[in-house]
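What follows is a pair of complexes built around chain A, which joins chain B in one and chain C in the other.
Let's look at the complex of A and B:
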């Protein structure tokens, strides 16, 4: 069953198109990673799903309801980002009380259990926390809400690596104990990729790819070998990236559409095949052909 | 996490192979209840759907069997099947890699065999 459904969704701001005719559907009880460069449209997509943004055209439905300005959707979803504005007059403990009042499935025990461990105090004021602690509180709040739809936009900003890894584990355990539909955008995809079931790659307001994480891992392939040999094998391909490798060999990345037999033959020819990690694959798939960093530097 | 991040195999296959290794070591015996997708997900910090895919793969290979509503169990002939599978796939592949590398380095056959024998003695 799909929980979030977007159809030809477009959002334009005055001069910029943030989402450009986007259609997708997110199945219930999945964790989907949202990856893309800064400004690709990740936040707009999440905020539209949360009902904060009115689509310029097309639609986005959550549980069959149009999401914008919809109380039903608000009560069943939560949006967490790095710049959450909490009422300055309330302490963390009081914010949790408000969460409990608003969210039907609110879990009081989770903050109780985690506050101490992550060095938070109920008397703290959110504004006065460090960046990492702010994010930690936001994340705890987001998970305690146990919303059927949980939208997390760069929720780990400012946390150090150890806290991030703890927090990802908290998220996984909470998800297993109380399944919900989670969409997560993160600059630390390599740290979460194993938690993700699906991934959406967004570029310049368009969805480039919406696949399972396993397919994403096999989407591209790295080939290392003698240049003439590589050229032969990649005639039909667009080379997404190339670099010189050791011993005068070349390394290229292309789409992995080789058959099992072809791969065997390549490796018998002395070409080394390697996987391209999803994070890197995302970079190459959204790279702007006409303006790689090397081109820019060469033009000086 | 027991998996190395430079392991290029899909995670679900790594999960399947981990369970196979447990069967080879006889940590899991015929008709033992296998860890659920959720247990595996927690243990290895991976998505439960990925873990489920690994279990399904083993069921398809006849190494595990399903008991409705109760999860997956180790098949009677599981260990033999794992051994057979590894011999005919994994070991063959490794030998093919070995022969290729030896060719590239101009190692004569007898020297390569000698190296294999020495390694065996060491272990």
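Let's look at the complex of A and C:
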């Protein structure tokens, strides 16, 4: 059953199009990674799902209800990002109390167990916390709410690597114990890789790819070998990335549409095949050839 | 999906309670401001009337009242509600369970509550001002008899005035969200109108509300104006995004 369903969703602001004719459907109880470069439309997509943003055209439904300005959608979803503006008059403990009043499935024990570990104090004021601790609190709040739809927009901003990895473990355990539908956008995709089941690749407001993580791993292939040999094999491909490898050989990344037989033949010809990690794949798939930073710097 | 169903009234109630807890600085600022106004009212801000008699002696009468406190409270109400419409406050609700309607209605409910508090304390300040004036000035004190009925209507009227100014602030705040240019335009229009037709407007207002001596009629007029202003606010807000 799909919990979040977008159909031809478009959002335009005065000058730019943030989402351009986006359609997708996210099944219940999955963790989906939202990957894209800055300004690709990740935040707009998540905020539309949360019901904060009015679609310019098309629709986005959460559990069968149009999400915009919808009380039921609000009751069943939570949106966590780094700019959560908590009232300064309430301490963290009081904010948790408010959370408990508002969210039906609120889990009191989770914050209790995690506060100490992550160095948070119930008497702290959110505005006075460090950036990393702010994010930590937001994340704990978001998980404790146990909303059927949990939208996390760069939730790990400012956390150091150790806290991030701890937090991912917490998230995974929470998800297994209390399954929910999670969409997570993160710059640290390499760290969430094993957490994600599906991935949505978004670029310039369009969905480039919506596949399972396994398919994403298979999407691209790295080939290392003699240049002439490689050119032969990659005639019909667009080379997404090339670099010189050791011993006069070349390394190229292309879309992996080779048959089993072709791959065997390549290996026999002395080409080394390698997998491309999903994060790297995402970068190459959304990279604009003409906008490569090296090109820009060279042209100067 | 195990759906949590929330009805509107429950959501508004929860949001209202949340606001009462989270916006405490609004109430503490009211207290400070009124205290300041009381001090001014009981010392320098009195209405002085001097009557000269033929026999060659003058009678100077200082009137100490809470009028000034009420005006101050109205100003406070205007600024507070303007403040509530800024990003820092208005997005608070969306951390929790709400939609636009419940958010606005709970805010209006909150404004009613603080206006009632402001009205009652402003009316009570009248007593404090008289007591202070008695000790500060060594003149003869004349005071009219003061029953609980009169006090209650006074407090209700003060609350009505304060609520009206919060409504005005709220509407202004919502219009500003449309476009930042209104930040300048609204004061410009208000000041412009005041300098051109200020006397007329004040007279209109005076005869429409201030001189209304029949309390139920006053209440109906205030209520009508509130519905108009808050209604306009809700209508304008409908065109905005929920949270940017």
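Everything that follows uses one rule, which is that the second predicted complex is superposed on the first by the 300 of 300 C-alpha atoms of A that agree within 3 Å, B and C clash if a C-alpha of one lies under 4 Å from a C-alpha of the other, contacts with A are read in each partner's own complex, and residues count from 1 in each chain.
Everything below uses one rule, namely that a residue touches a chain if its C-beta (ideal position, glycine included) is under 8 Å from a C-beta of that chain, and two chains touch if they have at least 3 such contacts.
Treat the numbers as computed from the prediction; the structure is a model and nothing was measured.
Because the two structures share chain A, they can be overlaid on it, and in that overlay chain B and chain C fit beside each other without clashing. Seen from the CA centre of chain A, the centres of chain B and chain C span an angle of about 150°, rounded to a multiple of 10.
Once chain A of one complex is fitted onto chain A of the other, the partner contacts of A:255 are absent, as it touches neither chain B nor chain C. More residues of chain A are in touch with C than with the other of chain B and chain C.
Looking at the shared chain after the overlay, A:30 reaches chain B, while chain C stays out of its contact range.
When the shared chain is aligned, chain C comes close enough to touch A:85, but chain B does not. When the two complexes are overlaid on their common chain A, residue A:169 makes contact with chain B while staying clear of chain C.
In the superposed model, A:7 lies in contact with neither chain B nor chain C.
In the superposition on chain A, A:197 makes contact with chain B only, not with chain C. Fitting both structures onto chain A leaves chain B and chain C with a minimum C-alpha separation of 18 Å.
Chain A uses no single residue to touch chain B in one structure and chain C in the other. Looking at the complex, you find that chain C touches chain A at residues 1-6, 8, 11, 14, 17-18, 21-25, 87-89, 91-92, 94-102, 241-244. The touching residues of chain B, counted against chain A in their complex, run 8, 10-12, 38, 41-42, 44-50, 53, 100, 104.
By the touch criterion stated above, chain A contacts chain C in their complex at residues 1, 3, 28, 47, 51-54, 63, 68-72, 74-76, 79, 84-87, 89-90, 94, 98-99, 101-105, 148-149, 181.
The touching residues of chain A, when paired with chain B in their complex, are 30-31, 168-169, 172-173, 175-176, 194-197, 213-214, 217-218, 267-268, 270, 274-275.
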